[in-house]
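Can you read through this structure? Questions will come right after.
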Amino acid sequence: MALPIFTDEHESSDFKICHDRVELRTEKRVQFIDITELVLERVRRAGISHGVVNIQTKHTTTAVVLNENEPHLLRDFEERLDVWAPRDGSYHHNNLEARRFQRISPDEKPNGDAHARALILGASETMNVIASQVELGEWQRLFFVELDGPRSRKISILAMGTSVV
Amino acid sequence: MALPIFTDEHESSDFKICHDRVELRTEKRVQFIDITELVLERVRRAGISHGVVNIQTKHTTTAVVLNENEPHLLRDFEERLDVWAPRDGSYHHNNLEARRFQRISPDEKPNGDAHARALILGASETMNVIASQVELGEWQRLFFVELDGPRSRKISILAMGTSVV
Amino acid sequence: MALPIFTDEHESSDFKICHDRVELRTEKRVQFIDITELVLERVRRAGISHGVVNIQTKHTTTAVVLNENEPHLLRDFEERLDVWAPRDGSYHHNNLEARRFQRISPDEKPNGDAHARALILGASETMNVIASQVELGEWQRLFFVELDGPRSRKISILAMGTSVV
(Lines give C-alpha, C1' and ligand atoms only; values in the text may rest on other atoms or scores of the structure.)
Protein backbone atom coordinates (compact mmCIF):
# COMPACT_ATOMS: atom_id res chain seq x y z
CA MET A 1 0.00 0.00 0.00
CA ALA A 2 1.19 3.52 -0.77
CA LEU A 3 2.45 5.44 2.21
CA PRO A 4 1.13 8.92 2.95
CA ILE A 5 3.26 11.65 1.41
CA PHE A 6 1.87 14.80 3.06
CA THR A 7 4.02 15.83 5.99
CA ASP A 8 1.11 17.07 8.02
CA GLU A 9 -2.26 15.33 8.49
CA HIS A 10 -5.31 16.21 10.58
CA GLU A 11 -8.54 14.30 10.94
CA SER A 12 -11.43 15.61 12.91
CA SER A 13 -15.12 15.28 13.48
CA ASP A 14 -15.29 18.96 14.41
CA PHE A 15 -15.44 21.17 11.43
CA LYS A 16 -15.77 24.92 11.77
CA ILE A 17 -16.64 27.81 9.49
CA CYS A 18 -16.32 31.49 10.29
CA HIS A 19 -17.53 34.26 8.05
CA ASP A 20 -17.42 38.02 8.06
CA ARG A 21 -18.38 40.82 5.71
CA VAL A 22 -16.09 43.80 6.03
CA GLU A 23 -17.03 47.21 4.71
CA LEU A 24 -14.36 49.60 3.47
CA ARG A 25 -14.56 53.21 2.36
CA THR A 26 -11.98 53.73 -0.41
CA GLU A 27 -10.48 57.15 -0.98
CA LYS A 28 -9.02 57.25 -4.47
CA ARG A 29 -10.01 56.07 -7.95
CA VAL A 30 -7.25 53.44 -7.93
CA GLN A 31 -6.03 52.25 -4.54
CA PHE A 32 -4.23 49.19 -3.21
CA ILE A 33 -5.47 48.69 0.34
CA ASP A 34 -3.47 46.32 2.53
CA ILE A 35 -6.00 44.07 4.29
CA THR A 36 -3.47 41.52 5.56
CA GLU A 37 -3.85 42.31 9.27
CA LEU A 38 -7.62 42.44 9.01
CA VAL A 39 -7.63 38.87 7.63
CA LEU A 40 -4.82 37.49 9.81
CA GLU A 41 -6.41 38.68 13.01
CA ARG A 42 -9.76 37.12 12.10
CA VAL A 43 -8.11 33.79 11.33
CA ARG A 44 -5.98 33.84 14.50
CA ARG A 45 -9.11 34.26 16.62
CA ALA A 46 -11.37 31.93 14.63
CA GLY A 47 -10.57 28.78 16.57
CA ILE A 48 -9.70 27.02 13.32
CA SER A 49 -6.57 24.90 13.29
CA HIS A 50 -6.05 23.76 9.66
CA GLY A 51 -7.97 24.74 6.55
CA VAL A 52 -8.34 27.63 4.14
CA VAL A 53 -9.48 31.24 4.14
CA ASN A 54 -11.16 32.63 1.02
CA ILE A 55 -11.29 36.40 0.56
CA GLN A 56 -13.81 37.51 -2.07
CA THR A 57 -14.82 40.93 -3.29
CA LYS A 58 -18.52 41.62 -3.94
CA HIS A 59 -17.88 44.14 -6.72
CA THR A 60 -16.99 44.08 -10.42
CA THR A 61 -14.55 47.01 -10.42
CA THR A 62 -12.36 45.79 -7.56
CA ALA A 63 -10.00 42.86 -7.04
CA VAL A 64 -8.21 40.83 -4.36
CA VAL A 65 -4.51 40.09 -4.93
CA LEU A 66 -1.36 38.96 -3.12
CA ASN A 67 1.88 40.88 -3.69
CA GLU A 68 4.43 43.08 -1.93
CA ASN A 69 3.43 46.29 -0.16
CA GLU A 70 6.10 48.58 -1.54
CA PRO A 71 4.76 52.04 -2.50
CA HIS A 72 6.91 52.40 -5.63
CA LEU A 73 5.83 48.97 -6.78
CA LEU A 74 2.16 49.87 -6.33
CA ARG A 75 2.75 52.85 -8.66
CA ASP A 76 4.29 50.43 -11.18
CA PHE A 77 1.17 48.27 -10.93
CA GLU A 78 -1.05 51.27 -11.63
CA GLU A 79 1.04 52.17 -14.67
CA ARG A 80 0.93 48.60 -16.03
CA LEU A 81 -2.85 48.48 -15.55
CA ASP A 82 -3.15 51.78 -17.39
CA VAL A 83 -1.39 50.24 -20.40
CA TRP A 84 -3.66 47.17 -20.32
CA ALA A 85 -6.85 49.25 -20.04
CA PRO A 86 -6.14 52.99 -20.32
CA ARG A 87 -8.21 55.34 -18.13
CA ASP A 88 -8.95 57.52 -21.17
CA GLY A 89 -9.37 54.63 -23.61
CA SER A 90 -12.52 54.00 -25.64
CA TYR A 91 -15.00 51.53 -24.09
CA HIS A 92 -18.40 50.45 -25.41
CA HIS A 93 -19.44 50.12 -21.77
CA ASN A 94 -18.98 53.88 -21.31
CA ASN A 95 -21.54 54.69 -24.01
CA LEU A 96 -24.56 55.24 -21.77
CA GLU A 97 -26.69 56.30 -24.75
CA ALA A 98 -26.25 52.84 -26.31
CA ARG A 99 -27.22 51.27 -22.95
CA ARG A 100 -30.38 53.37 -22.44
CA PHE A 101 -32.67 50.32 -22.20
CA GLN A 102 -30.54 48.64 -19.54
CA ARG A 103 -30.82 48.75 -15.76
CA ILE A 104 -27.96 51.05 -14.83
CA SER A 105 -26.60 51.87 -11.39
CA PRO A 106 -27.66 55.36 -10.23
CA ASP A 107 -24.02 56.22 -9.51
CA GLU A 108 -22.71 54.78 -12.81
CA LYS A 109 -19.52 56.44 -14.00
CA PRO A 110 -17.51 55.74 -17.17
CA ASN A 111 -15.56 52.77 -15.84
CA GLY A 112 -14.87 50.31 -18.67
CA ASP A 113 -11.19 50.51 -17.74
CA ALA A 114 -11.95 49.51 -14.14
CA HIS A 115 -13.93 46.41 -15.19
CA ALA A 116 -11.18 45.35 -17.63
CA ARG A 117 -8.53 45.77 -14.92
CA ALA A 118 -10.56 43.76 -12.40
CA LEU A 119 -10.94 41.00 -15.00
CA ILE A 120 -7.23 40.12 -15.01
CA LEU A 121 -6.55 40.73 -11.30
CA GLY A 122 -9.23 38.36 -10.05
CA ALA A 123 -12.09 38.60 -7.57
CA SER A 124 -10.82 36.29 -4.84
CA GLU A 125 -7.78 34.73 -3.21
CA THR A 126 -7.71 31.40 -1.35
CA MET A 127 -4.96 31.00 1.23
CA ASN A 128 -3.98 27.99 3.30
CA VAL A 129 -4.25 28.05 7.10
CA ILE A 130 -1.78 26.00 9.17
CA ALA A 131 -1.90 25.86 12.97
CA SER A 132 -4.24 28.89 13.01
CA GLN A 133 -1.80 30.92 10.90
CA VAL A 134 -2.39 32.05 7.32
CA GLU A 135 0.36 30.78 5.02
CA LEU A 136 2.11 33.97 3.99
CA GLY A 137 5.60 34.41 2.62
CA GLU A 138 7.96 37.02 4.02
CA TRP A 139 7.02 39.67 1.43
CA GLN A 140 3.44 38.65 0.74
CA ARG A 141 0.62 41.00 1.65
CA LEU A 142 -3.04 40.75 0.75
CA PHE A 143 -4.59 43.70 -1.08
CA PHE A 144 -8.10 44.82 -1.78
CA VAL A 145 -7.74 46.73 -5.06
CA GLU A 146 -10.10 49.64 -5.72
CA LEU A 147 -10.30 50.45 -9.44
CA ASP A 148 -13.31 52.80 -9.59
CA GLY A 149 -13.31 54.66 -6.29
CA PRO A 150 -13.84 56.39 -4.10
CA ARG A 151 -16.73 54.15 -3.05
CA SER A 152 -18.05 52.07 -0.19
CA ARG A 153 -17.08 48.41 -0.72
CA LYS A 154 -17.78 45.00 0.80
CA ILE A 155 -15.42 42.05 1.20
CA SER A 156 -16.52 38.55 2.19
CA ILE A 157 -14.01 36.61 4.32
CA LEU A 158 -14.65 32.92 5.04
CA ALA A 159 -12.36 30.60 6.98
CA MET A 160 -13.10 26.86 7.19
CA GLY A 161 -11.29 23.88 8.62
CA THR A 162 -10.74 21.68 11.64
CA SER A 163 -11.80 23.15 14.96
CA VAL A 164 -9.13 23.88 17.57
CA VAL A 165 -9.75 21.38 20.36
CA MET B 1 -7.94 35.54 25.99
CA ALA B 2 -8.67 37.07 22.60
CA LEU B 3 -12.35 37.29 21.75
CA PRO B 4 -13.62 35.94 18.46
CA ILE B 5 -13.78 38.58 15.74
CA PHE B 6 -15.77 36.86 12.98
CA THR B 7 -19.41 37.91 13.10
CA ASP B 8 -20.71 34.52 12.05
CA GLU B 9 -19.50 31.12 13.33
CA HIS B 10 -20.69 27.58 12.63
CA GLU B 11 -19.41 24.36 14.08
CA SER B 12 -20.66 21.01 12.94
CA SER B 13 -19.90 17.34 12.86
CA ASP B 14 -21.81 17.02 9.59
CA PHE B 15 -19.74 18.02 6.67
CA LYS B 16 -21.10 17.76 3.15
CA ILE B 17 -19.65 17.86 -0.34
CA CYS B 18 -21.60 18.05 -3.58
CA HIS B 19 -20.05 17.80 -7.01
CA ASP B 20 -21.25 18.07 -10.56
CA ARG B 21 -19.68 18.12 -14.00
CA VAL B 22 -21.61 20.29 -16.43
CA GLU B 23 -21.17 20.01 -20.18
CA LEU B 24 -21.62 23.06 -22.38
CA ARG B 25 -21.67 23.41 -26.15
CA THR B 26 -20.17 26.79 -27.02
CA GLU B 27 -21.17 28.57 -30.22
CA LYS B 28 -18.53 31.14 -31.05
CA ARG B 29 -14.74 31.37 -31.02
CA VAL B 30 -14.83 33.82 -28.10
CA GLN B 31 -17.89 33.74 -25.88
CA PHE B 32 -18.71 34.85 -22.33
CA ILE B 33 -21.36 32.41 -21.07
CA ASP B 34 -23.23 33.45 -17.93
CA ILE B 35 -23.33 30.35 -15.70
CA THR B 36 -24.49 32.16 -12.55
CA GLU B 37 -27.95 30.57 -12.35
CA LEU B 38 -26.55 27.13 -13.07
CA VAL B 39 -24.22 27.43 -10.07
CA LEU B 40 -26.66 29.26 -7.77
CA GLU B 41 -29.40 26.70 -8.25
CA ARG B 42 -27.04 23.82 -7.49
CA VAL B 43 -25.85 25.48 -4.30
CA ARG B 44 -29.39 26.38 -3.17
CA ARG B 45 -30.42 22.73 -3.46
CA ALA B 46 -27.21 21.20 -2.11
CA GLY B 47 -28.25 21.13 1.52
CA ILE B 48 -25.07 22.98 2.46
CA SER B 49 -25.38 25.84 4.91
CA HIS B 50 -21.95 27.53 5.10
CA GLY B 51 -18.83 26.85 3.03
CA VAL B 52 -17.43 27.50 -0.44
CA VAL B 53 -18.18 26.57 -4.02
CA ASN B 54 -15.26 26.15 -6.43
CA ILE B 55 -15.95 26.34 -10.17
CA GLN B 56 -13.15 24.95 -12.30
CA THR B 57 -12.77 24.56 -16.05
CA LYS B 58 -11.22 21.36 -17.42
CA HIS B 59 -9.70 23.03 -20.50
CA THR B 60 -6.62 25.15 -21.28
CA THR B 61 -8.29 27.56 -23.72
CA THR B 62 -11.20 28.57 -21.47
CA ALA B 63 -11.52 30.47 -18.20
CA VAL B 64 -13.87 31.13 -15.27
CA VAL B 65 -14.29 34.77 -14.19
CA LEU B 66 -16.56 37.04 -12.15
CA ASN B 67 -17.68 40.35 -13.67
CA GLU B 68 -20.74 42.24 -14.91
CA ASN B 69 -22.99 40.83 -17.62
CA GLU B 70 -23.30 43.92 -19.79
CA PRO B 71 -23.08 43.17 -23.53
CA HIS B 72 -21.07 46.28 -24.42
CA LEU B 73 -18.62 45.51 -21.63
CA LEU B 74 -18.14 41.95 -22.89
CA ARG B 75 -17.16 43.45 -26.28
CA ASP B 76 -14.65 45.64 -24.44
CA PHE B 77 -13.22 42.54 -22.76
CA GLU B 78 -12.80 40.82 -26.15
CA GLU B 79 -11.01 43.88 -27.51
CA ARG B 80 -8.67 44.08 -24.50
CA LEU B 81 -7.85 40.37 -24.80
CA ASP B 82 -7.11 40.87 -28.50
CA VAL B 83 -4.52 43.50 -27.59
CA TRP B 84 -2.91 41.21 -24.98
CA ALA B 85 -2.78 38.22 -27.35
CA PRO B 86 -3.90 39.14 -30.89
CA ARG B 87 -5.92 36.58 -32.83
CA ASP B 88 -3.62 37.01 -35.83
CA GLY B 89 -0.41 37.35 -33.79
CA SER B 90 2.60 35.08 -34.20
CA TYR B 91 2.75 32.09 -31.79
CA HIS B 92 5.34 29.32 -31.64
CA HIS B 93 2.50 27.07 -30.47
CA ASN B 94 0.78 27.51 -33.86
CA ASN B 95 3.78 26.09 -35.73
CA LEU B 96 2.56 22.51 -36.08
CA GLU B 97 5.57 21.61 -38.24
CA ALA B 98 7.90 22.36 -35.31
CA ARG B 99 5.66 20.23 -33.05
CA ARG B 100 5.56 17.20 -35.37
CA PHE B 101 7.01 14.83 -32.74
CA GLN B 102 4.46 15.82 -30.11
CA ARG B 103 1.14 14.25 -29.22
CA ILE B 104 -1.33 16.73 -30.74
CA SER B 105 -5.11 16.83 -30.40
CA PRO B 106 -6.87 15.60 -33.56
CA ASP B 107 -8.93 18.81 -33.66
CA GLU B 108 -5.94 21.11 -32.98
CA LYS B 109 -6.39 24.59 -34.40
CA PRO B 110 -3.97 27.54 -34.28
CA ASN B 111 -4.87 28.76 -30.81
CA GLY B 112 -1.80 30.27 -29.16
CA ASP B 113 -3.86 33.41 -28.54
CA ALA B 114 -6.55 31.40 -26.72
CA HIS B 115 -4.03 29.78 -24.35
CA ALA B 116 -2.40 33.15 -23.60
CA ARG B 117 -5.78 34.72 -22.89
CA ALA B 118 -6.80 31.84 -20.58
CA LEU B 119 -3.52 32.26 -18.72
CA ILE B 120 -4.41 35.71 -17.34
CA LEU B 121 -8.14 35.10 -16.82
CA GLY B 122 -7.68 32.03 -14.63
CA ALA B 123 -9.07 28.50 -14.59
CA SER B 124 -11.23 28.65 -11.46
CA GLU B 125 -13.18 30.87 -9.10
CA THR B 126 -13.86 30.16 -5.41
CA MET B 127 -16.92 31.82 -3.93
CA ASN B 128 -18.17 31.88 -0.36
CA VAL B 129 -21.51 30.30 0.57
CA ILE B 130 -23.54 31.81 3.45
CA ALA B 131 -26.88 30.37 4.59
CA SER B 132 -27.08 28.29 1.39
CA GLN B 133 -26.59 31.41 -0.77
CA VAL B 134 -23.52 32.15 -2.89
CA GLU B 135 -21.93 35.45 -1.93
CA LEU B 136 -22.56 37.60 -4.97
CA GLY B 137 -22.55 41.37 -5.25
CA GLU B 138 -25.36 43.20 -7.02
CA TRP B 139 -23.55 43.35 -10.38
CA GLN B 140 -21.46 40.18 -10.10
CA ARG B 141 -22.12 37.34 -12.52
CA LEU B 142 -20.07 34.20 -13.05
CA PHE B 143 -18.84 33.52 -16.60
CA PHE B 144 -17.44 30.52 -18.36
CA VAL B 145 -15.19 32.07 -21.02
CA GLU B 146 -14.73 30.22 -24.31
CA LEU B 147 -11.57 31.36 -26.11
CA ASP B 148 -11.20 28.70 -28.82
CA GLY B 149 -14.75 27.65 -29.71
CA PRO B 150 -17.07 26.45 -30.83
CA ARG B 151 -16.41 23.29 -28.82
CA SER B 152 -17.93 20.97 -26.26
CA ARG B 153 -16.65 21.90 -22.78
CA LYS B 154 -16.75 20.56 -19.23
CA ILE B 155 -16.95 22.51 -15.97
CA SER B 156 -16.42 20.99 -12.53
CA ILE B 157 -18.54 22.51 -9.74
CA LEU B 158 -17.85 21.50 -6.14
CA ALA B 159 -19.62 22.86 -3.06
CA MET B 160 -18.43 21.94 0.44
CA GLY B 161 -19.40 22.99 3.93
CA THR B 162 -21.60 22.36 6.92
CA SER B 163 -24.70 20.30 6.28
CA VAL B 164 -28.11 21.94 6.69
CA VAL B 165 -29.64 20.28 9.75
CA MET C 1 -39.55 20.78 -1.92
CA ALA C 2 -36.75 21.27 -4.43
CA LEU C 3 -34.92 18.11 -5.40
CA PRO C 4 -31.14 17.98 -5.21
CA ILE C 5 -29.46 18.89 -8.48
CA PHE C 6 -25.85 17.89 -7.88
CA THR C 7 -25.13 14.46 -9.38
CA ASP C 8 -22.73 13.46 -6.63
CA GLU C 9 -23.23 13.99 -2.88
CA HIS C 10 -21.13 12.97 0.13
CA GLU C 11 -21.86 13.52 3.78
CA SER C 12 -19.43 12.60 6.47
CA SER C 13 -18.48 13.17 10.05
CA ASP C 14 -14.84 12.50 9.21
CA PHE C 15 -13.16 15.48 7.75
CA LYS C 16 -9.49 15.41 6.84
CA ILE C 17 -6.83 17.98 6.01
CA CYS C 18 -3.36 17.29 4.66
CA HIS C 19 -0.70 19.92 4.19
CA ASP C 20 2.78 20.03 2.80
CA ARG C 21 5.36 22.70 2.04
CA VAL C 22 7.48 21.84 -0.95
CA GLU C 23 10.79 23.52 -1.67
CA LEU C 24 12.00 24.01 -5.22
CA ARG C 25 15.27 25.28 -6.59
CA THR C 26 14.54 27.14 -9.83
CA GLU C 27 17.20 27.39 -12.52
CA LYS C 28 16.32 30.26 -14.81
CA ARG C 29 15.02 33.81 -14.46
CA VAL C 30 11.68 32.83 -16.02
CA GLN C 31 10.68 29.19 -15.79
CA PHE C 32 7.41 27.25 -15.99
CA ILE C 33 7.87 24.22 -13.72
CA ASP C 34 5.33 21.42 -14.12
CA ILE C 35 4.29 20.43 -10.58
CA THR C 36 1.28 18.32 -11.63
CA GLU C 37 2.68 14.94 -10.54
CA LEU C 38 3.95 16.33 -7.28
CA VAL C 39 0.41 17.49 -6.42
CA LEU C 40 -1.45 14.50 -7.88
CA GLU C 41 0.63 11.98 -5.99
CA ARG C 42 0.10 13.80 -2.69
CA VAL C 43 -3.66 13.91 -3.23
CA ARG C 44 -3.83 10.23 -4.28
CA ARG C 45 -2.13 9.19 -1.05
CA ALA C 46 -3.88 11.67 1.25
CA GLY C 47 -6.80 9.43 2.16
CA ILE C 48 -9.21 12.17 1.11
CA SER C 49 -12.18 11.17 -0.98
CA HIS C 50 -13.94 14.40 -2.04
CA GLY C 51 -12.87 18.00 -1.52
CA VAL C 52 -10.41 20.53 -2.86
CA VAL C 53 -6.67 21.04 -3.06
CA ASN C 54 -5.29 24.58 -2.88
CA ILE C 55 -1.77 25.23 -4.18
CA GLN C 56 -0.33 28.55 -3.04
CA THR C 57 3.03 30.18 -3.63
CA LYS C 58 4.77 31.94 -0.73
CA HIS C 59 6.51 34.52 -2.93
CA THR C 60 5.62 37.76 -4.71
CA THR C 61 7.59 37.15 -7.91
CA THR C 62 6.18 33.70 -8.68
CA ALA C 63 2.77 32.35 -9.67
CA VAL C 64 0.68 29.18 -9.82
CA VAL C 65 -1.27 28.56 -13.06
CA LEU C 66 -3.06 25.83 -15.00
CA ASN C 67 -2.36 25.45 -18.73
CA GLU C 68 -0.84 23.10 -21.30
CA ASN C 69 2.74 21.87 -21.02
CA GLU C 70 3.84 22.48 -24.60
CA PRO C 71 7.35 23.96 -24.84
CA HIS C 72 6.57 26.28 -27.76
CA LEU C 73 3.51 27.57 -25.92
CA LEU C 74 5.59 28.29 -22.81
CA ARG C 75 7.86 30.45 -25.00
CA ASP C 76 4.73 32.27 -26.23
CA PHE C 77 3.72 32.89 -22.62
CA GLU C 78 7.15 34.37 -21.85
CA GLU C 79 6.88 36.65 -24.87
CA ARG C 80 3.37 37.82 -23.89
CA LEU C 81 4.52 38.52 -20.33
CA ASP C 82 7.45 40.51 -21.70
CA VAL C 83 4.99 42.76 -23.56
CA TRP C 84 2.85 43.25 -20.45
CA ALA C 85 5.86 44.05 -18.22
CA PRO C 86 9.11 44.27 -20.24
CA ARG C 87 12.26 42.92 -18.62
CA ASP C 88 14.11 46.14 -19.50
CA GLY C 89 11.17 48.45 -18.80
CA SER C 90 11.26 51.31 -16.32
CA TYR C 91 9.97 50.49 -12.80
CA HIS C 92 9.84 52.74 -9.74
CA HIS C 93 10.40 49.59 -7.68
CA ASN C 94 13.84 49.16 -9.28
CA ASN C 95 15.00 52.55 -8.02
CA LEU C 96 16.81 51.37 -4.87
CA GLU C 97 18.06 54.89 -4.15
CA ALA C 98 14.45 56.08 -3.77
CA ARG C 99 13.78 53.12 -1.44
CA ARG C 100 16.82 53.68 0.79
CA PHE C 101 14.74 54.03 3.96
CA GLN C 102 12.87 50.77 3.39
CA ARG C 103 13.61 47.26 4.62
CA ILE C 104 14.99 45.59 1.50
CA SER C 105 15.84 41.95 0.93
CA PRO C 106 19.63 41.34 0.99
CA ASP C 107 19.38 39.58 -2.38
CA GLU C 108 17.13 42.25 -3.95
CA LYS C 109 17.49 42.49 -7.72
CA PRO C 110 15.72 44.86 -10.13
CA ASN C 111 12.52 42.87 -10.47
CA GLY C 112 9.59 45.23 -11.02
CA ASP C 113 8.74 43.23 -14.15
CA ALA C 114 8.58 39.99 -12.14
CA HIS C 115 6.14 41.47 -9.57
CA ALA C 116 3.92 42.89 -12.34
CA ARG C 117 3.87 39.54 -14.12
CA ALA C 118 3.00 37.66 -10.93
CA LEU C 119 0.14 40.12 -10.33
CA ILE C 120 -1.85 38.95 -13.36
CA LEU C 121 -0.96 35.25 -13.17
CA GLY C 122 -2.15 34.78 -9.60
CA ALA C 123 -0.65 33.32 -6.45
CA SER C 124 -2.82 30.21 -6.06
CA GLU C 125 -5.01 27.68 -7.81
CA THR C 126 -7.88 25.74 -6.22
CA MET C 127 -8.76 22.42 -7.85
CA ASN C 128 -11.58 20.02 -7.11
CA VAL C 129 -10.88 16.49 -5.84
CA ILE C 130 -13.28 13.68 -6.79
CA ALA C 131 -12.81 10.09 -5.61
CA SER C 132 -9.21 10.91 -4.54
CA GLN C 133 -8.38 12.25 -8.00
CA VAL C 134 -7.68 15.89 -8.84
CA GLU C 135 -10.07 17.18 -11.49
CA LEU C 136 -7.80 17.76 -14.46
CA GLY C 137 -8.69 18.04 -18.11
CA GLU C 138 -6.77 16.09 -20.75
CA TRP C 139 -4.36 18.96 -21.54
CA GLN C 140 -4.31 20.67 -18.15
CA ARG C 141 -1.08 20.76 -16.18
CA LEU C 142 -0.28 22.73 -13.05
CA PHE C 143 2.71 25.07 -13.18
CA PHE C 144 4.78 26.87 -10.61
CA VAL C 145 5.97 29.96 -12.47
CA GLU C 146 9.34 31.43 -11.55
CA LEU C 147 9.62 35.08 -12.66
CA ASP C 148 12.75 36.25 -10.81
CA GLY C 149 15.00 33.19 -10.56
CA PRO C 150 17.08 31.34 -10.07
CA ARG C 151 16.03 31.13 -6.42
CA SER C 152 14.94 28.70 -3.75
CA ARG C 153 11.13 28.74 -3.51
CA LYS C 154 8.38 27.35 -1.27
CA ILE C 155 4.92 26.14 -2.28
CA SER C 156 2.12 25.37 0.19
CA ILE C 157 -0.18 22.49 -0.81
CA LEU C 158 -3.31 21.84 1.23
CA ALA C 159 -5.95 19.19 0.52
CA MET C 160 -9.18 19.05 2.51
CA GLY C 161 -12.34 16.99 2.31
CA THR C 162 -14.13 13.86 3.41
CA SER C 163 -11.95 11.09 4.76
CA VAL C 164 -11.73 7.83 2.81
CA VAL C 165 -13.49 5.26 5.02
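Each chain gets a letter, A, B and C, in the order it is written, and its residues are counted from 1.
Operating definition for what follows: a residue touches a chain if its C-beta (ideal position, glycine included) is under 8 Å from a C-beta of that chain, and two chains touch if they have at least 3 such contacts.
Here the structure is a predicted model, which means the values were calculated and not measured.
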item	value
Interface numbering overlap (same over half, different under half) for chain A and chain B	different
Angle of rotation relating chain B to chain C [CA atoms, steps of 5 degrees]	120
Computed distance of Cα centres, chain B from chain A, in Å	17
Where chain A touches two or more other chains at once, by residue number	13, 15, 52, 84, 120, 122, 126
Interface residues, chain A side, partner chain B - complex	13-21, 41-42, 44-47, 52, 54, 56-60, 84-85, 91-93, 95, 98-99, 102, 105, 112, 115-116, 118-120, 122-124, 126, 154, 156-160, 163
Footprint of chain A on chain B - complex, ascending	2-13, 15, 50-52, 65-68, 70, 72-73, 75-77, 80, 83-84, 120-122, 125-130, 135-140, 161-162
